[in-house]
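Two complexes are shown next, each including chain A; its partner changes from chain B in the first to chain C in the second.
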Partner chain A sequence: MTDETRSAIRAFIVENFLFGDESHPLPADQSLIDNDLVDSTGILELVGFIEERFAVSIADADIVPANLDSIDRIAGFIARKQAA
Partner chain B sequence: MCGIAGYHGKLMAPEAAADRLGRMVAALRHRGPDGEGIAVRGETGLAHTRLSIVGLTDGAQPMTSEDGALAVSFNGEIFNYVELRDDLKARGHRFRTHSDTEVLLASYAAKGLDCLADFNGDFAFALHDTANRTLVLARDRMGVRPLFYAEHDGALFFASEIGALLALPGMAAEIDPVALDQIFTLWCPIPPRTAYRGIHELPPGHMMIVRDGQRTIRPWWQLSYPDRADIRPAPRVEVQAEELRALITDATRIRLRADVPVGSYLSGGLDSSFIAALAARTVTRGLRTFSLTFRSAEHDEGHWQRQMAATLDAEADSVECSTQAIAAHMPEAMRHIGCPILRTAPVPLHLLSARVRERGMKVVLTGEGADEVFAGYDIFREARVRRFCGRQPASPRRPRLFQRLYPYLPGLKQQSPEYLARFFSFGSEALDDPLYSHRPRFRSTAAAKLFFSVGLKDALGDYDAAAELVERLPADFSRWHPLHQAQYLETAFLLPGYLLSSQGDRVMMANAVEGRFPFLDHRVVSFAAGLSPDAKLSGLKEKHILKEAARGIVPTAIIDRAKQPYRAPDAEAFAAPASPAYLETVLSPERLAMSGLFNVQAVGKLKEKALKGQATGFRDNAAFIGVLSTELLARTGTTQSTQSTLHIGTR
Partner chain C sequence: MRIEQYLRDSTARDGAHEAIVAGDVRLSYDRFLDLSARMATTLRARGVAPGERVLILLDNGWQAAVTVFATWMAGAVICFVNPSTKAARLAQIARDCGPALVVAEGRLEKLVDGVAELAETPRLVTGASFEAGLEAEPFAGETLPDSGLAALIYTSGSTGEPKGVMLAHENMDAAARSIASYLENAATDRILVVLPMSFGYGLNQLVTAMLTGATLVIEKSFAFPQAIFERIRDERVTGFPLVPAMVAMMMQARDLDPALFTSLRYITSAAAPLPLAHLDRLRAFLPHVRPYVMYGQTECTRIAYLPPAEVDTRRGSVGVAIPGMRTEVVDEMGHPVPPGTVGELVVSGANVMRGYWQNEAATRRALRPDPRDGTLRLHTGDLFTADADGYLIFVSRTDDIIKPRGEKVAPKAVEDVLHRMPGVAEALVVGVPHDVLGQAAKAVVVAASGVVLTEREVMRFCAQHLEDHMVPKIVEFRDALPKTESGKASRRLAAEPAPTTGSNA
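Right, the complex of A and B next:
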């Protein structure tokens, strides 16, 4: 499940923030902001994707870098949401 | 206001000289539809296309001094020519014409290059001095009027627009990779670099002197601010506001000097309202104003424009700018702009100048420059908030201030303080970084370089546009107050490099309309530079002293309304189903591969995103318009002018 989650998130990021550029290194613990992959609009695109793809509901208070700023963090966040 | 061109340093056969000058004249005809002329003097050729505004009947150019020693091709205005002429007359000079061009010749004859300091105006000129065997090129302080040059075919060629140089036989139109990197970081090239390899720009406030084949370029004026240690607390702002009001009134008064009617742009904001109100007091037959309106509420200021026009009893004209019109006119605008752009904002202004021309007018005042000179931009407030937050990086409350800075950016409203802190990256940057104020903007813009091709990235290597910008800063920059440092970056680079050029001169002169900028009168600029930072940015209240100066002249509602930066729909203008037919051709994989500048696959996906109306973020918008404008340029740039060069008068 987690690997599947990670690869779905990775695919979304490659498609939407890297415009299909597979050659870009994208370690699962890499910060999305510090590497200029997402801006303030990108975060909202990401939130929309997670809600639709993983059927979880994300409150404003959840939209923090601790939950969303790397593939690992996003996967962990989704797992916690789904377990709740 | 006109077009100028010429060459220096090569004795050409008469046919060759007429051909080179004629090609450049043909490419500059839109700037000066009222007259044309060329003059060949030994190794020097001068050309001119005239938009007659002052001295309608006797101001033809190139103009030669009575003794024939001097000849000039002059673009622009010397607004204080009346006073200068009186002064020269008192010293015995006899004038043959009523034009400011003759005042330029007489001033140079009397004082040499020191005459530049006397000029209050917007100009670019080429002056040939046979006695000193010298060619002088000079450009106004703020960079209102353009001047480009290139070494080509054994001579120095120069012209008001890049297109005139590209019209020369054998001149290649190649996009400069370093310029592209600078634009995709800083929004404009760093002069003397231009978007084209081998074509240079004379920087604002600079002159070039060519003598015996030796070329010297040096500044004759530089923007400067007081040492931060010397800044004293502001005296009563009312007193300074009074002085400022007198200066702006006079700056507007001399900019109404013309032998044709002068109108005014009116955005509905403080700056243009102030200028229009001052002009309306002087213009006897009623002021005509010109405004842009948009269908989208986030861009439209029609309500304020109507209110201001009614207050002035002005004859108000407006152009409604649909997204379709922006998309449809972008290629034509790019033909004149001659430099990649990251926003469509110049395109509506191209449509607006067309309306001015349709109404039979050729001169307008604008409020451009006030945001640089009096600290009106959000970036100044943003830098202040970042420093404020950076002092308490753990504070959960302080980052909320960012939402107040950008109430018109919906993406920011939903962000947590943690994200705001990361986006504006305070705490992580050194407070003494000379580019502190602009780092977030440069960084978010540079994210658009994601779309550069592998070849372009390889060619650039580890080139860093921001680092080059730092190298170009004046020696005393580090001693200035942080607000003044930020103002310098805007005023010395972005203002001439983008606002006065791509969004100013090029899209106005495309329709032979001259813009005049009272806030860029050097007396106003120097007065404002000497003010304490708090007189300009008081807390988070922008343009504080300007607002005080405008009281009693501009309605309070307009002075105190929330600032709305001028923006136009960007990528959304290209969304289906109304996307323009040329998009598929210009951004086709074949074309992209041929120009070799961008990643074909990534741009394809970006285009799909834009067509779906989903390219909504800052990076995606900047990248889409940046790629599209560059590709349009790559196409138009190589289409050289082949217009007829006949019927050009020789002087």
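Right, the complex of A and C next:
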């Protein structure tokens, strides 16, 4: 499940923020913000994607780096949300 | 007065007071002055002489604040470039300003390595090399002129090439004192800067804080607005400078808690027009916060502000001239037009730049003599009307500059990249309204015959060669570019809806 989650998130990032550029290594623990992979408006798109794809609801207070600033963190966040 | 003197004076008044908060780092005025003085010695030791440029490629952080003040103490000029700048533009800037030293984030070393113009330039990189620079003996200080250059701030000209706005210490001093007076800044203020300090509006927050002995809370990114709002609560922030794109993001939040903003005294908005609907919602959401709508240009820092008490009576206005600045709306000959008539806004005052670095032609276009007495005035390139009381209403720009999230983008700079893309025959770039960014770039592309391009491919190519905000949000394919009757490709016509539809993919 988590691997599947990770690859879905990775695919979304590659498609939407790298415009399909597969050459980027994009390690799962890499900060999306510090590496300029996602900007402010990108996070909102990412939140919309997660809500729809994984059927979780995300409150404003959840939209913080601890939950969303790497592929690993996003996968962990989704797993916690789904378990709740 | 020189700007580094602000730091010395505020330290003399209360050295134990907090000057800088960045992440877990908290620097008192004593400590901030000491670190800056030590770094100034290091800059001199690395060969930076008075008047030379220090190219700064740093994220918002305490290191950036130290580097800025160290450069000024050493009598040198900051050239602060956004760390998300791509190699081609960085090369243009490096060629233009000829820096004596580069101070960069460790992760950007590869970017710097790729710029031939910087191959021979000494480098200081965050981490061990930067930390070692803070071990030097504090710089003794020298008598330096107020007329010395403080900053070269690069902005985009209408053809896309970077132009270095030359601000002397006395220009920045005039702007800072004027702004701090109407914002009523004091040592009790805690100002949160999340705007890039490479941006005039961001840098200005550091300067204002040091002038008034206030505390500057430095944050790197607005990508997680909620994290910034929690910071505002936890650090009891009183002043929050914004661009309209950030206001738009705030207003998109679903369950934003006004309690996060209890400590806030004022917000400011600049860099692009703030939609009235957003201003109204912000006021309804945070009735205790004074909203300052402002207007300015890198070339003089700030031009006008709307006093919060006038928001309801002067709807849609960006306000009146800031203290010490003179504003006039003029016709093409440079003569004032009657109230209510559209003309170009020209301004004068001690805050106006010296000109553009090594670019006399651009300087002569921007700083032109008043036909009445020959004194130089800054021509803003913005069309305005003024009412009888001098309240200004923005009409439009006189050129094709697009301003996504308040940053100037020359359509030509994006078109140049598109023309380098294999498979593109011709392209035009225009600005279109965007919910969050205010304005976004739209590319109208004609593919070479037999070539099939997709929107994604075009965006990907642009993303590899341009900063994020310059990448077109919309790509429209056409069989031919819209042309005027004389056969010239026309951005104005391209901004209108396409006669034919959609992608050629």
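What to note about this one:
As a working rule, the second predicted complex is superposed on the first by the 84 of 84 C-alpha atoms of A that agree within 3 Å, B and C clash if a C-alpha of one lies under 4 Å from a C-alpha of the other, contacts with A are read in each partner's own complex, and residues count from 1 in each chain.
One rule holds for everything that comes next: a contact is a pair of C-beta atoms (placed from the backbone, for glycine too) under 8 Å apart; a residue touches a chain by one contact, two chains touch by 3 or more.
Everything numeric in this text was worked out from a predicted model, so none of it was measured.
In the superposition on chain A, no contact is made by A:Glu51 with either chain B or chain C.
In the superposed model, A:Ile33 makes contact with both chain B and chain C. After overlaying the two complexes on the shared chain, residue contacts for A:Gly20 are found with chain B and with chain C alike. In the superposition on chain A, contact is made by A:Ala59 with chain C only, not with chain B. In the superposition on chain A, contact is made by A:Ile43 with both chain B and chain C. In the superposition on chain A, the residues of chain A touched by chain B in one structure and by chain C in the other are 15, 18-21, 33, 36, 39-44, 60-61, 63-65, 69.
Taken together, the chain B residues at the contact with chain A in this complex read 409, 411-412, 414-416, 418-419, 422-423, 443-444, 446-447, 450-451, 599, 601-603, 605-606, 609, 616-620.
On the chain A side of its complex with chain C, the touching residues are 15, 18-21, 33-36, 38-44, 59-65, 68-69. Chain contact summary for the complex, chain A toward chain B: residues 15-16, 18-21, 33, 36, 39-45, 60-61, 63-66, 69. Taken together, the chain C residues at the contact with chain A in this complex read 84, 107, 220-227, 230, 245-246, 249, 252-257, 436-437, 456-457, 459-460, 463-464, 468-469.
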